[in-house]
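For reference, the structures are reproduced in the following blocks.
Both complexes shown next keep subunit A, but they swap its partner, so subunit B is in the first and subunit C is in the second.
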Partner chain A sequence: MSTQPRLCREIVLEHFGPIVEQVAQVLLTKGRLTLSGIVQFTQMPVRTVREALVVMIQHNICFYAEAREGLRQVCFYSIGQDEILLRLRIGRIIYWSGEWFGKEASTITHLMLLNGRLTLKDLKQWVKDNESSPQQKIVAYEQKFSQLASKRFITAVMPEDSKARIDRKLEAEAIAVNELLLGPSTREKAEIEFKVQQQLDDEDQSRQMIGMKRKVTETMDDDDEVSASKRFALTVEMEVEDDVFFRINYKQFTKYFRNEAVIDQATDIINRGAGQVLRLFLEQSDSFTGGIGKEESQPTSALHVASVLPHDMFTETGLDSREDSVHNERPTAADIVTEYFELLRQSPAKFIKRADNKGHNFFVVDFKSIRLYMMRKLFDKLMKSRFGNSTCRIARILIEKGKLEEKQARAFDIMNAHGLQAVQKMAMLPAKDTREKLALLCTHGICDIQEVPKSADRAPSRTIFLWFVSLDKCYQELLIDLYRSIANVRQRIRHELATRQRLLEKMERKDVSENQDLLSAGDKKAIEELNKKVERLEVSAGRLDEMVMVYRDF
Partner chain B sequence: MSRGGRGGGRGGGRGGGNPAMAMMPFELMGDLGSGGLFNVQTDLFPEREIAYPRAPTTREKEQLAASKSYRQALKSSAFYLRPPPPPKDIERYSDRYKANLDKPPSLQIISSNTSFFPDELHSILDPKKKVKARKQTYDQSNALRDLDALTNEAENGNKAGEDDDEDEEKEGQGSGAEEEDYDDEEDMIDDNDYGQNYFDNGEGDDIDDDDEGGGDFF
Partner chain C sequence: MKAYDRSWPKQSSHFSVHRTSGLDSESKLIYSHIKEAGNEGIWTKDLKKHTNLHLNVVNRCLKVLEQKQLVKAVKHVKWPTRRFYMLYELTPSSEVTGGAWYTDQELDTDFIDTLASACYKYIYSRSFPRGDRNVIFKADYGHYPSAAEVKRFIHEKRISSVELSTTDIVCLLDLLIHDDMIEKKMPFAGFMDDEGDSDMEDGGGVEWVYKAINRNVTSTTASDGGIDALSEVPCGKCPVFKFCTADGPISPSNCEYFNKWLNF
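And then the complex of A and B:
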């Protein structure tokens, strides 16, 4: 898969410069290396390589593992490709943290991403140095920081974070294996592996609240009747410790992006009211705090959602006015919500489904089906724009009907087989076109042929050819295509900037940066054109990243 | 390498049609090889229609602005490592107006905990820390090797011993990285006692042993 390393290199080059990019390239192509290995392959001085490694570890894209080799203790370094690819989302994260939590939050995320890791103390120092009237602002910043930390958008950094995960896993497995008396059988090995994985996952989850201490606030001084335990539960708050390093938790941001995308889908397919109901559903069922891999949310019922419904929703949504009901009777909130639930349940994306094991009339949001729906919709759109309508039609037929066979006359119903002629009939295309389009889809890896030989010698004239589409394979190929596209876009941006190097140097001159009028008219036009081009390219890279999010992270 | 096409992806060729192919049953097309189906145009840059993308929305523009400001901040921070600039040859007029690329802040001022980093890298963050000497951990399985090494030293006189002393001194001083590399090489030579144990170029052989060498032939 050379597309991913290529994209990683482009990202690292853009963010950290050419030196770090060379070190990253060596690590990406050769795998784990020691310091001397990296020096050997990059031919760079040792101190430079060390600095590059420090930069990468600080920004959480490089991991190290200390191992024993003979008499020495050596340290292996490896690159985390996934972490680098997540850096494409930085602009989106900074923007949205501002939208959801306010301007201070966006500054906090900006600083945290700039430094890789940040403490509250450093943040306060920055506020003192860079903001006017720092005293009031410090309190606001501190509050926002605690809020982000309690919602787990930022997490504390532990020394284990920079150690390669696979080493921890192997160590734990080795310890478990040593405890067995005899050599481990395959089944026991598999069990151990599974248990160790669970253990590590649990450890990660339980680390959520590190770095915070409890702050008891005096809010209920005058109410003496409240029992002591209840008071503790009501008034305890989490506050961030000054000296602990924090970093951005990309998973949490991805989860919020996913929820927003799901709500947008509901709004697109049904209406705005449905989107709002779904949002309340998700908030109620605590989906904003659980793990991202979950297939379903916690169950809630219509009553729960109705109880948190804001009152002005009645007049805005279209479902409120019913002509067939008694005029004096206003529909209750629960009724409206139940109707929306019905709509959500029966929509093509199947947003929610019944969960009657938790209680009567309980529903859960079915993330899996929403995800499949979004992937499929995107795939259809891309195919249509790439191949045109009729080819897309053929692919859709193949997806829906399973495997299609050569000739309809055969009554072989192997998994719903039809023939080339059957495809032709259903797609309403002449035979020549069908064949060409099927071949085109094949060369792009979307459809495949399954040969069913009739005779023992497998002569092509005596075999049945079944055409089919494997959606999972298509999605994976599409993901790789997306990576390649993003890398192409980035490279194009670099090229555009490189061809205008002289102009950009002119812009950076001290007298020009103060007074833009020193440039000639032609120069100004060229700069404007460059900005427009780069904007369009960057925006398309951002949209591609959105699609990557659908296919990889949701 | 990419051709610089926007949006990537492969060619959406229309598939050149072959009129003679219409009547051919699918099974026999295998005999044609790839001349049958894939008779598409093979220009290097085929004609294609490129669709116009949607204009950027305000949200996207703001996201772009956030991303741009982040990258600019990163570029001027300590984390963007540049190769050292080439030495100036002659003084030029435009040097007066050149943007001052002052030496970027060094990595020592970033605040970070040294416990997050492996020992080798501590000297970058905290220049007072010298490069730590490699710990020679005593390993049971290597005891035999050590004994062999010692006996070889005794054989070769004090020459090997002097080299080792030099190593120790250098380690003790804990000077820079070049020394560490030098130590690595020394170590590698030391470990490789195959040559000292097994290579015998016949200098020490007694001539009297000629008759007894016949037993080795099988």
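And then the complex of A and C:
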């Protein structure tokens, strides 16, 4: 699989330039290497290589591992492909942090991504240098910074960030194994692996409080009637320490993107009201803060959601009320929410389901089912636009019914109610077309054949050929195709910019950037065209990454 | 299928006795077996097996019978290469002709498409409240159409020239389900169908109701708005996608499809 490294190279080249790209390429193709190894393969001076490594470590896409070889301590460097691929999301992150938390937040994320990591002190310095009225701005920035930190969009940088996850895992495992007297049995090994995994997850989770200090606010003396515990809660607020480095927490952003996508999906297939209710549900059940790997959210009841229902939902429920006009009363918040819960539960995506061990009225958001639904939906859409309606139909029948013979795919048998006679139900396509379309799907690797020989000699004439679609495989391949397409688009952007290099250089010139009139009409037109092309390519790359999110991260 | 254990089926009417009177015993035997098969028809190989006659004899007899216009050969839709025989005066059953969807032993796809889109339009019109596009029916809404209602609609509007059974309609609706146009729902509890004539035909007495999935898709030919990201870029439909490399003879830098797409 060489598409993923290729895409990584494209990204590194675009973000860090050709020198870092060369180092990254060696690490991507050869695996982990020592400094001298990298120097040997890149044919670059040690100093340059070292600088490139520093840049990558600073941006958290390169890891090191120390190992003992004989008497020497050797340091190996490796590159994190997943981390690089996440950099595709940078634009989205800057935009949405601005949407959610205001302009200052987007500046903070922007700066943080530029520098890899950032302290509050650096930020204040930047504000002093760049903003017009720094004194007022500093407070606002400080506030946004701690807001981002407390919501875990940014996390403190820890020493283990510079170690690859696999190393951390192996280390923790080695410690656990050493505690045993004998070598671990298979079961013990599995147990250890599970425990270590959890330990690492916990470490990532507990990161939240690091780099924060408690701040006592002055709201204490306001109200005597407030109970002691509540007063305590009011007075403790978290604040970011000045000289702790912070970095972007991609996971948290991905989770928010996921939730937004889920809400969009509900709005799309049910209606706006359903989307709103689902958003309230997610907010109420704290799904914005829980881990992303979880299959379901915390349970919440309709009453909880009803208590925060906005007022415009009462007047415009989005529900057809003609039937109820006899009663002629306005529905209560609980009615509306219960109704939407039912709609969400019954929809084909099965947004929510009843919580297993909670009371009757408790529901959880079923992320797994939604994810599968979204993946299926996208896949179907793709097949439809690539192969047409009837081919897509055949594939869908195969997915639904499991393994089918060609004839059955065309006309599968279903016993009727009396169970006496097999009634034929048709996919309603002529035999010739069916065969052609199955072959087409087969060449594109969407469906496969399973042979079931009837006799011991396995003669093809006495063999039943069953067709089936393995969805997981399709998704994997689709993901690779997506990586490849993104890499293609990125390369094309690079190509488009390179062909206009002369013009771009001219644009950069000081006299030209100050006075646009120095450009000829032809140049202006070319610039406009170039901008249009690059924009189109960038938008496509962003949308492709959205698809990657659905298949990989959600 | 009927049992063939009787070696000499009873002659039921004087008419047939009269018709077969001039035949030899082997032809009579074959005639009786063909008659037994009714409007389903019988395959020549089966005939041979049941009568224990030599293939040549069977063929000779069939030729005689055909000449006398007592039996006829029909094409079976499931096995187009096999020769099926039935009595001359019978009309082949829907099993043999393939039912409503076949015209001259061939699947009539145009007919199916027209009917399916008519069904979809009908179901669509009953799946969402009229007026504001953002308003939807409640979860316990009970008036989504069932297969019987769709059938009645098709019948009343005279869309089909052929008589369609509820099973045929269920076929069509399954087709729409596989196309992801409509979904099958359990009728809301307490809702009783006033038709009641098709309960037994599809599974366990439950009558399924159907609902259009996407409000933005108004007909079977329209796409549900928006194209996915991968199909939008040239790579999604590129015939040489697999050969394309970063610096090979085919590469994104010299890609013609990209040129076309970007200059559009």
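Simple rule for what comes next: the second predicted complex is superposed on the first by the 514 of 554 C-alpha atoms of A that agree within 3 Å, B and C clash if a C-alpha of one lies under 4 Å from a C-alpha of the other, contacts with A are read in each partner's own complex, and residues count from 1 in each chain.
Note that in this section a residue touches a chain if its C-beta (ideal position, glycine included) is under 8 Å from a C-beta of that chain, and two chains touch if they have at least 3 such contacts.
The shown structure was predicted, so the numbers you read here are calculated from the model rather than taken from an experiment.
Asks: Just checking: does A:Gln346 make contact with subunit B only, subunit C only, both, or neither of them? Give me first, second, both or neither.
Replies: In the superposition, A:Gln346 touches subunit C alone.
Asks: Going by the contact rule set out at the top, does A:His495 touch subunit B (first), subunit C (second), both, or neither?
Replies: both
Asks: Quick check for you: in the superposed arrangement, does A:Ser540 touch first (subunit B), second (subunit C), both or neither?
Replies: both
Asks: Which partner does A:Ser385 reach: the first (subunit B), the second (subunit C), both, or neither?
Replies: A:Ser385 contacts both subunit B and subunit C.
Asks: Report the partner of subunit A that touches more of its residues: subunit B or subunit C.
Replies: With both complexes superposed on chain A, more residues of subunit A are touched by B.
Asks: For A:Arg396, decide between first (touching subunit B), second (touching subunit C), both and neither.
Replies: The second partner, subunit C, only.
Asks: Between subunit B (first) and subunit C (second), which does A:Val139 come into contact with in this model arrangement: first, second, both, or neither?
Replies: neither
Asks: Which partner chains sit in contact with A:Leu170 here, subunit B, subunit C, both or neither? Use first/second/both/neither.
Replies: Neither partner.
Asks: Going by the contact rule set out at the top, does A:Asp481 touch subunit B (first), subunit C (second), both, or neither?
Replies: both
Asks: Touch check for A:Ser461: first (subunit B), second (subunit C), both, or neither?
Replies: first
Asks: Overlap the subunit B and subunit C contact sets on subunit A and report the shared residues.
Replies: Common interface on subunit A, subunit B vs subunit C: 385-386, 430, 481, 484-485, 487-489, 491-492, 495, 536-537, 540, 543.
Asks: Where on subunit B is subunit A touching in the complex?
Replies: Interface residues on the subunit B side: 2, 4-10, 12-13, 15, 17-18, 21-22, 26-28, 30-31, 37-38, 51, 53, 56, 59-64, 66-71, 73-75, 77, 79-83, 94, 97-100, 107, 110-113, 115-121, 123-125, 134-137, 139, 142, 176-178, 180-181, 184, 187, 191.
Asks: In the complex of these two chains, what residues of subunit A are touching subunit B?
Replies: Checking each residue of subunit A against subunit B gives 14-20, 35-36, 39, 46-48, 50-55, 57-59, 64, 66, 68, 70-73, 75, 90-92, 94-95, 98, 106, 110, 113-117, 119, 122, 157, 159, 161-162, 245, 385-388, 406, 420, 430-432, 435-437, 439-440, 443-444, 460-463, 465, 481, 484-485, 487-489, 491-492, 495, 508-513, 535-540, 542-543.
Asks: Sort out for me which residues of subunit A touch subunit C in the complex.
Replies: The touching residues are 6, 269-273, 316, 318-320, 322-323, 339, 342-343, 345-346, 348, 378, 380-382, 384-386, 389, 392-393, 396-397, 400, 416-417, 423, 425-430, 478, 481-482, 484-485, 487-489, 491-492, 495-496, 533, 536-537, 540, 543-544, 546-547.
Asks: List the residues on subunit C that touch subunit A in their complex, please.
Replies: Residue list for subunit C touching subunit A: 101, 106-107, 109, 112, 129, 134-141, 167, 170-172, 174-175, 178-180, 183, 185, 200-204, 213-214, 223-224, 227-233, 235-237, 241, 244, 246, 251-253, 255, 258, 262.
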